[in-house]
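Input: structures, listed below.
Heads up, the next two complexes both have chain A, just with different partners, chain B and then chain C.
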Partner chain A sequence: MAAQACIKELKRLLGDERCLAEPGRLLSYECDALTHFKSMPSAVVLPESTDEVQQVVRICARHEVPFTPRGAGTGLSGGAVPAEGGVLIECSRMRRVLEVDVENRIARVEPGVINAHLSQQVAEHGLAYAPDPSSQTVCTLGGNVAENSGGPHCLKHGATTNHILALRMVMPDGEVVELGTPVAGAAGLDLRGVVLGSEGTLGIVTEITCRLVPVPECIETLLAPFDSMGAACTAVSRIVAAGIIPAALEALDERTIAAVEASVYRAGYPDDAAAVILVELDGHPARVEAEREQIHAIFRDMGALSIETARDPEHAEQLWKGRKGAFGAMGRLAPDLYVQDAVVPRSKLPEVLPEIGRICDGLGLKLANVFHAGEGNLHPNISYDGRDAAEVEKVVQAGQQIIELCLSVGGVLSGEHGIGLEKQGFMKLMFSDDDLESMARVRAAFNPTGILNPGKILPTPRACVEVKPVHRLPGVDAS
Partner chain B sequence: MTGTARSPEDIAAYLASLDCVHCGLCVEHCPTYRQLGRESANPRGRVYLMRAVMEERIEPTPDVIEDLDLCLVCRACESVCPSGVAFGEVMAQTRSKLKKRGPIRRWMMGALLDRKRLNRAAALMRFWQRSGLRVLRHLLWGRLKRMEAYMPTVPHADARRPLPRHAPPIGETRGRVALLEGCVMSVLFQDVNRDTMHLLQAAGYEVVVPEGQACCGALHEHDGDLETAHRQLARNKDAFAVDDVDAIVMNSSGCGAAFSSADMPAPVIDLSRFLVDHGEHLSFGAFTEPVAYDAPCHLHHAQNETTAPQQLLTRVPGLQLVPMDLWDHCCGAAGIYNLDHPELSGRILDEKLDALERSGASVLLTGNPGCLMQWRAGVAKRGLRVEVLHLATFLAGQVTA
Partner chain C sequence: MTEVFSNTDELLRAALGADAVYVVTEGDAPGALPTPTIVVAPASAEQVAEAVRVATDAGVGIVPVGGDTAPRRSRNEDFPCVALSLERMSGVVEHAVEDLVFTAQAGLVLTEAQAAIAAHGHRVPLAPPLAARATLGGIVACSAEGPTRNAYGSVRDQVLGIQVVHGDGRISRAGGRVVKNVTGYDLCRLYTGSRGVLGVITELTLRLRPIEPAACRLAWRFPRIEDAWNAGMTLRRDIPALYGLHAARGTATDGISGEGAALVATLRGPEAFVEALGASCWEHDLGAASQEVLQPDAVPAIIGPVSALDAWLRVCVLPADGGRLLTTLAQRIGDDADLVLDVLGGVCDVTHEDPGFLDPVDETALGADLEPLCAQVDRPGDPGFHLRRLHLFPSTRPGGVNVMQALMRSLDPAGVLNPGRYEVAP
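Moving on to the complex of A and B:
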């Protein structure tokens, strides 16, 4: 048994607290935040340094046991699901901020540092780390690099890749490489850019050098309810068409508002609106003021029911917390949740959203929409009961139909959640065989044996990982 | 267990576990996850395992039991859970099924229920602490040794005497409130009880300490002994059914959370909230040293009282409330967690002590007996010049009218 010998060596290296091989502990790692793909690792390791990651990788490589990196497990496409019987490399204990260079506005951190913690730590210097995924209070920067994560404020400030300068990475054979430079510039091929968003299939990042941005002089947060999602979406396209790039431009529908307002993140969103648009403007006060006037005019023209401005930073934070807690709040609707992630041209939002509604209605599924409207990045949230095999099947069908719809209007497979296990089957809908072959060759250049995070992104016959839905409470007929 | 009938509580716990959609917004707020980094030591992982055990997908193997047992039940996860998972309830129900209790534990938990036994144990402890017998402490072992090390100096019998059953208001009468003396509170922190009583009197309230009251059972619930917990609450419900009481005022957040979860005969209110709402004419003398506040989990997370203590402190002239990192994270006391899991409890406390040092505070205020003992032991061990006080003690020292 290669795996058993491998575990023995890993235990010797890291001890019982940092090398887990007990059945219950392993079970808790069988999925990430997308729960319908499950697969059991044979061990989970928690290294604390590049050196330890390197040793773990060498041990696994020698025993030919596949391995997969993981951050906080908040990914929504199954990217951190282990290979069956493989080793999961959990980065949660690599959480040191190694260096903050205020003068050059950069920070060097370990991959387990929590996104929001970095901003908190540099706040005293008037700086922040810009990309803000909704899970930013818990997700790790290593995970953000792997998924090239977005977030509401990426509309103006750009996604993760725009903020990462350099990486230290352990290759699948254990070699440690440095990609990119802490000084902005472009010499040679951008290998750093190749790794950003590669979902942990090219190497295991163990140090991240990122940009910090000054906290804007002036921030203004607006909330506008509408009596139809169509009008709200048209308002969004008109704002962007008018040449305004707000810091963030988000939309929530009625069902999302109800779920959020019932939760600890209640934000005071109006309960009688079919949709609300949340806008944040930042920058020079004069510019913010001019943009605010333009946006007010567009909102009034599109029939906004009201326009509210956050009273103070606490109120703005409350409005954002509601948006960012929306995904989890859907747990109030049903035991399980599937979040689709696709991008369409903004101008297509008013036609695509009702169509997604029809798809879900047709299948009898409960849909809520909360999305990055400014980027046309949709997140249809489908609530379902994972214990009902027929319903799980319908969710999978809805996912596929939504993707086909988005692609048919010129959209993209994923905005920010990645392909992972979830969407590899759809890759052929978007890419030609030649495209996929090129990607496979790039991957092979870094990861020739495929031992690192196998079975992700590029379509492969799905052997080990499967949708495993049905668990129930024994001794009870139905809940 | 297959085929066995499920109790309504089992089904309720199971349904509560289904509320989790695995979003993970809780994980970083879990003190044990921050230390250990493993999924099964965070709320999402624990819910996943509890659900798997109930569904009989897995056996409750020793690793599962250990990681469930390592939960502090601080309920910080509930404060950030968008889906409203009743984590504490699922955990209590699971513990009631899985927890094994040895003889020392049964004796200790039993002693809490009986004021006489508790007092005898306190007298014995005081004798041990003062007679010189303490030189023999290296002969103790295990939990007994840890308990001995962690126990504060037991006050003199005079200081432990019961509170008067009635205390009149000072000045104009504004109402009548009831007070719980508690178990640990009554033997180790009767001074806090007296200070609480004094503050309420100064606020114009007659204070009654109803006969027949008993330990609230919170520690038993924490330990998964739901039967005892329910019995204690029922006893107290009867004892507190006294006439014309406006509120039952609590000064121990663990007991407050337990009382709040039951349908008590009068509204259950923490002292801090009560004084914010009804003590508006109290005035306090100036205090100029930096003060930090550490929120007791069962006040902040379990009762969602997140502002009253700080609000009250703004009324002390000159008081500088300094921010302290992790102020809303558990200190590692968690009932008798620090005796059960001294190593992990110590690691959790160490992070908090670092935060306390960084804050620069010379006084640390909190509102629960377990937290007081944990912090005092930690501050003493590190040799910090910080006074750790109950909010009631501090305010009673400052009140002028």
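Moving on to the complex of A and C:
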């Protein structure tokens, strides 16, 4: 009843076109890009301003109906899955670039602006927005803030949190707050910092002030195939240990190469290599040249089968097309794809990758690796058929064993996809009860009733309302 | 010493051992606390937790102290406090050389950390005020920024993992020992700059950077600092790869030939890059009275971290507002203070040989001039100023004061940690 009364008020505020409540129109909102977790909202609202978000939040709070913010729904951990019967606040209609301050290299945008569009809009000023998640042509900056999204170029330029200076946010009780400042030396606690990556559980961001960076004077893309992944990873470690921080330092394994080369993302990777390393150097031409020479020497020393330099921007784009399209290309291998996301100390890559291979081989699963090697951010991808319950069970087992392996060498649960619903059950493997208690208290300081995006991140019921996934991977504790 | 304090002294000795507690009876007490002051120096996070519990039970506050480079600034000077010194927690836990990651106890002095890792060609990318005695924990607790900020990011950007002891004696960790991590809430950033009100920092994992193989500094002289800043903005626009760029006047320009104000560009990187970048800078016609290449080992005051707190005002603005800031400072403070303006970051340090140099300044008028610039103002050596500045510019004050207070209540329920630090009106 509360939900119905709430929807009635929301429809009065936004009209039928911006308050969707008919079951057929809600279907596409029941999950994000991690389709294992599904939950049907009672309504989806499409506000167009901070004021409208504030009013929506106040209506939901008054009726005690849980609500969840959503960007483009490209998240990979279930962070934007609505609470069962709750309201989903879709921010995609808030897509204006409000201000570009060229001299100070700052942009103020609404949360529905698509990541890649911002760089396109400021390109005429010789500027760009640096974080570039693989979904950058569709994902929104609001979603990037919620997930603290990464991307291949995080290695040198940092993740989303390094590029967000200030936020306007609607609190769970409807209060509008300004967090952070574009000016250095802000007073008080860094509330902006804790909101970044909080998966929409602390507030709904309605305005974002971003840092822009000058487009590099020179960009050079290198491709080096190796006959073993171990040699490729050791080369990566040596590059960083030599004091070189490339813009990007990515790795693809044999199965990924084969999938990419057989797909529309074909990049011209050599099909006889066990691994390829993709490097991007950027900056002053003299720096790029000096670093390129050092990297060539390391690659030669580590037995690279060849070293290819992109001839021109089009060739570089082609080499990147394979990397960025790798997940899509894996659709050829099986109907479903489980994308794991974990981080290990970079030096542990040569030890961990073969072990992950053994885990998947032991379970008879198809594994393909494509990952941010420079940061030790692994993406073991397991292709499977979701209609086969036994195979799903094996995927779950593999996922858990991979996580346990990564934690055992000093790694963490997620480098860029977040915890969401997917990894709540693993949080206790990494954190003590006291660690989690501190996180719960921080969340409660922002979101005391737990009405905002309930049931995410923390493993035990710490919120008033919990999500019950319609279909969850067995063994993953999402309660 | 009051009866309450005497009792606390005994309780702390009983809980932590006699060697962990001493009393400073005269001179400068840690944390700028009034003498006599009880100092408790735990040797582990567990002992910090025990000290916090004892203090809470005794109704006494805890002021965490690292290198004692940031005086306690509290409105509530009457709240009895003991100093909690991290001096016995200064060990290196791990230097993961290949991963460029460093873990140490919070009481480790930065210069000792730098010495420990320099042999591997690494550095901790921090350059706080009073760097010679600043500790890692203190730098992080105060988010003590310095001239490396533009090249490597803020203090918050360097903290990968953290252990803290909260006001209820719980020990908790956040983050990890890897360079990329979105596992749970980013409490590392929250604790960084929290000035000890959410927890006593006991251990840190920091990102390291390679020591750049070559460095060079170029200097130009101009009649006025406004001219130096203008020239700096030209370089900022044309040459994005600069490591540092500072405009200055006064004694901060000592060591640079000529007179007047100066602009100094710092270049770091591979040798060929530094040479090429230096040539690009050199070819720019900036309209300077003179220009020179500084000796490699000359570190002029202009780009060094602040070395005295007594007479230091820091004003931060957007980089393009640097010129307006200089005009305001000239009008309100006069021309005899030393100025160093970080052209890339918009951070201006104002120092003077007379610690009372701001006494005659009309703070209200200064605030009215700075508010349109969205300036952030701090005067680290002045007890009380930090609190006042939160009220100085109400329209630009960071929001969420209620959340800040809720956070403090939830992580320090008895209000025992650095009491009075953020007692701000909603």
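In this text, the second predicted complex is superposed on the first by the 459 of 479 C-alpha atoms of A that agree within 3 Å, B and C clash if a C-alpha of one lies under 4 Å from a C-alpha of the other, contacts with A are read in each partner's own complex, and residues count from 1 in each chain.
Just so we're on the same page, a contact is a pair of C-beta atoms (placed from the backbone, for glycine too) under 8 Å apart; a residue touches a chain by one contact, two chains touch by 3 or more.
Predicted, not measured: the structure shown is a model, and the values here were computed from it.
Visitor: Going by the contact rule set out at the top, does A:92 touch chain B (first), chain C (second), both, or neither?
Guide: Only chain B is touched by A:92; chain C is not.
Visitor: Quick check on the superposed pair: does A:449 touch chain B, chain C, both, or neither? Answer first, second, both or neither.
Guide: neither
Visitor: Considering only the touch criterion stated at the top, classify A:410 as touching first (chain B), second (chain C), both, or neither.
Guide: In the superposition, A:410 contacts chain C only.
Visitor: First (chain B), second (chain C), both or neither: which does A:25 touch?
Guide: Only chain B; A:25 stays clear of chain C.
Visitor: Does the superposition put A:306 against chain B (first), chain C (second), both, or neither?
Guide: Touch status of A:306: no partner.
Visitor: Can A:4 be said to touch chain B (first), chain C (second), both, or neither?
Guide: A:4: touches no partner chain.
Visitor: Please indicate which partner A:329 is in contact with in the superposed arrangement: first for chain B, second for chain C, both, or neither.
Guide: Only chain B is touched by A:329; chain C is not.
Visitor: Determine where on chain A the residues touched by chain B overlap those touched by chain C, and list them.
Guide: none
Visitor: Can you list the residues on chain B that touch chain A in the complex?
Guide: 1-6, 11, 14-15, 18-29, 33, 36-40, 44-45, 48-49, 51-52, 54-64, 67, 79-85
Visitor: Please name which positions on chain A make contact with chain B in the complex.
Guide: 17, 20, 22-25, 27-29, 31-33, 35, 44, 46, 72-74, 90, 92-93, 112, 114, 135, 137-139, 260, 262-265, 325-332, 335-337, 471-476, 479
Visitor: Per the contact definition, I'd like the list of chain A residues that touch chain C in the complex.
Guide: Against chain C, the touching part of chain A is residues 101, 103-104, 106, 147-148, 150, 154, 158-159, 161-162, 171, 175-191, 193-194, 196-198, 214, 217, 237, 240-245, 283-287, 289-291, 343-347, 372, 375-377, 410-419, 423, 427, 430-432, 434-439, 441-446, 448, 457-458.
Visitor: Considering the complex alone, what residue numbers of chain C touch chain A?
Guide: 96-101, 121, 143, 145, 149, 153-154, 156-157, 166, 170-174, 176-187, 189-190, 192-194, 197-198, 210-213, 240-241, 269-273, 275-277, 314, 316-320, 345-347, 374-376, 378, 386, 389-390, 396-404, 406-407, 409-411, 422, 424
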